[in-house]
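Each structure below is given as structure tokens.
Note that chain A is present in both complexes that follow, paired respectively with chain B and with chain C.
== the complex of A and B ==
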């Protein structure tokens, strides 16, 4: 049995949890390769106009996996830190089932729904039952995988804090969802551009999720989406530690359209720019914006030092 | 005397300015790019060379800005290649040192630059949509049968500007047709359009920002007195339009070239050298980057467009 994991969307949130889980069980899996222009083109064929870019990318990864494995792994995750996720994540299963109806795909999924405690563990338990894996073995594999994911996140978060303290370069907080900043086609070029301009990118996504979501309560009581809360919380927590912030968003993102506007209006003391990425080519617009943005940060720094 | 050349190559127009050591403009030209930045710059250089004929100016440094800055920077051996936002800000603050807010509406883009004590502290640019920029105004002028040049004057005659939906160009256009059909006068509609451009600008680009005077309004649309007046009505302050407002980017980058202190050989003969660019799709991975190579007299001098090292073109 071979399981295909699409390198898209929630993979970037649960990478270690998923891979370690299958590692522990000795199940063979493949992860689709990094996103390229081709991935987006292939994905767009299965999507309607209004779907957001990350979903098009996601469908492109499914397209790659569709004839290379026995099962495609697509968990349904409804909540994180007791806040909602985007509807698109909950619809993944149905979306793929429908868009790829001609291919008879086998979809392997766990259903992480509801408000109860240990709901994730229960979801994995059901998954094991479906795969005819002994309860105790499945439970153990989950524990190990969960721990690995936890340590990985802790390490990432500490690493960011260290960079924040030690670097002398201007620091820019990148406010972007995991699947955007982690993506080789969307996020990586932005990180490279900033580094080339002599700026240290600080990635909001890498900070501790729990802490950020908690902090976001100070800013807004009503914002429903967990992952957006993470970004708002990160901005609130680190706004004084960085020189500026870049909001990186993909078009068209529903949650971001509300949340980004709120951040732009509420945080006036810190230089902020919004970059909207569509499937367009040509990085000239991005370069112009990032270059002038770093000019501002440098002027400000020199001004304060004088 | 030493001179500094600044070139601003936009999508629609190409601007060139030569300044002397005291930052006075000694030569300037504004012409259409016509989709051929290299050809436009060659024409520009010819004109500037003519203007400088009787003056004792030797150009020691070149700066380029605008969307084709990189290409033209390679062509002219530029010391400074700078984005248009910084260039505009430098240009305007040099001429108006006390400016706090710059409104700019060009042919296809619009931006706002906020300045404190001579330094840019914030800016915003239009994103995916070109609503309310110069090209929108010119197409609507055409629809109404007036030229862009007389547009502003007609708008000033209106007593009761018509309300036109400003959020989106497509809606604005259908709204405009509707208002004309139900009998609003032409001047009212034209004034309404100017107002719509301003409302759109302030809502989209200027959202959440404070507009502190003095305010300078520049870019092609600043020549339209109707839009200028609509800005003044909406903001409640006087809005300054500089007579050299359309040259500000070129002027700014010339100032930056001077400030950089880097002096490089430059000769107007560049206009006669054959430059050629070719583009190809890199076959080495699935990204298919479009790579551009620049040739000077059939010798490769630069290339760009690659996302990774695989696509690097060797330069001999």
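== the complex of A and C ==
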């Protein structure tokens, strides 16, 4: 049996959990390659025009995997840290089933409706039952995988904090979802651009999820989306430690469309810039905007030093 | 009655009569029927909204701004399982940034598991609120909503075949006008009986097999006639019987959610959010019942409806029923809609004849 994992959406949130879990059980899997322009073009064939870019990319990855494996792994995560996720994560199973109906894909999933942490464990238990894996072996594999994911996240978060303390360069907080900042097509060019401009990018996604979501309660009462709360909380926590922040969003992201506006309204004393990426790429425009943004940051820094 | 508090809820179909009854007789505050939506409402709303938020937000914000300009000082917003959940907080923020002074009753802030939180939040509307009074008005309010839905459903199915044009619509607006003056349930019941009879007995000339079209879509767009560019009216002019199930009765008062999930199981396994499960089940039902065509109206970028649209395409193929998809944003051209609708009608009528 071969399992295909699309390198999109929730993969970036759970990559170690999933891969380690299958490693432990000795199940063979492939992960679709990094996103390219072609991925988006292929994905757009299955998507409705006005769907958001991450979903088009996601469908592109499914398109790559569709004839290369026996099962496609598409977990459904409804809640994280007791908050909702984007509706697309709830619908991805049915979306893929319907968009790729002609290919009759086999989909492997676990359904995490989790109000609390242990719900995920239950979901994995069911997955093991479906795969005819002995309970104890499945539980052990899950525990190991969960720990790996945890240590990976802890390491990432500590690393970010260290950079934050040690670097002398101007620091820019990048506020973007995991599946945007981790994507080769969306996030990486922005990180490279900033590095080339002599700025240290700090990635909000890498900070501790629990801490950030907790912090976001200070800013907003009713923001429903867990992953957006992470970004808002990260901005609240580190606003004094960085020189400016870049909001990186994809067109037309539902949660971001409202959350970004709230951030811009709430944080008026920190330099903020919003970059929107759509399926038609034009990085030249972005480069110019980032250039002038870093100019402002440098100017502000010099003024403060004098 | 506390005359200093003037409450207002954004324009939403014909329901303002029911809300007025609830607030004036239950909450004991003045209720302002929001000014009817015009081009200006949408313009003001979009000017102050984020760029690619869904259009219902822009309508709601525009309505609130116009209401504040007209003297309202207590605004409200409901919640839902999509972006609607965040409408209240962002609207309040934007309105405060614009410098307005008002009270805001945001239902998303209520923790429905704690009675204390419910009472605290209700008291935002009126600090001297009597819960008994509110509780007493609720059954009548629900009945008003049900009556409105019943009448509207009847009008949709029959208004296209009236002998004297607009007779039902005129009677309905007369009913709504009189409803705005009722203060107790007795008066209302008399009114309901009278007008239900009047409207149901309007003379019509309906052919045995008229063209039937089902209307589905996202919660606001399908229910607020201005936001779907009076789609129902246009269809009635073409002598079409319009079916629509999405209304307050079927979604909140007597939710058909569980039924919908079960009915649409063949196409959708999980809860895909907001109105999407309803949409899929309704379309499937229309297709099975042999309706001639289906129209989906939604706001641009509406996530749940977009996911449903992928499913609808499959249903359309399986049952060979034509589906017309409309996606509205703040810059939609009315002529474009009309042209597409006319072409759809031509196709349906040739299909019906042949």
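Note that in this section the second predicted complex is superposed on the first by the 303 of 306 C-alpha atoms of A that agree within 3 Å, B and C clash if a C-alpha of one lies under 4 Å from a C-alpha of the other, contacts with A are read in each partner's own complex, and residues count from 1 in each chain.
Keep in mind that, in the parts below, contacts are C-beta pairs under 8 Å (C-beta built on N, C-alpha and C of every residue); 3 or more make two chains touch, one makes a residue touch a chain.
Every value quoted in this text rests on a predicted model; they were computed, and no experiment measured them.
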item: Partner chain(s) touched by A:185 [first = chain B, second = chain C, both, neither]; value: first
item: Contacts of A:170 with chain B and chain C, given as first, second, both or neither; value: neither
item: Chain B versus chain C, judged by how many residues of chain A each one touches; value: C
item: Chain B versus chain C as contact partner of A:254, first or second or both or neither; value: second
item: Touched partner set for A:201, first chain B, second chain C, both or neither; value: neither
item: Partner chain in contact with A:289 - chain B first, chain C second, else both or neither; value: first
item: Partner chain(s) touched by A:50 [first = chain B, second = chain C, both, neither]; value: second
item: First, second, both or neither for A:75, with chain B first and chain C second; value: neither
item: Chain B versus chain C as contact partner of A:222, first or second or both or neither; value: second
item: Chain B versus chain C as contact partner of A:94, first or second or both or neither; value: second
item: Common interface positions of chain A, toward chain B and toward chain C; value: 251, 261, 265
item: Chain C to chain A touching residues, read off their complex; value: 49-54, 57, 79, 81-83, 85-86, 88-90, 93-94, 97, 106, 108-109, 267-274, 276, 300-301, 303-304, 306-307, 309-311, 313-314, 327
item: Complex contact set, residues of chain A against chain C; value: 48, 50-52, 76, 78, 84, 86-88, 90-91, 93-95, 97-99, 101, 111, 220-224, 251-252, 254-255, 257-262, 265-266
item: Chain B partner contacts - residues on chain A that touch it in the complex; value: 36-39, 185, 189, 251, 261, 264-265, 268, 271, 273-274, 276, 278, 281, 284, 287-289, 291-292, 295-296, 299-300, 303
item: Residue ranges of chain B touching chain A (in the complex, touch as defined); value: 67, 82-86, 117, 119-125, 127-128, 207-208, 285-288, 290, 307
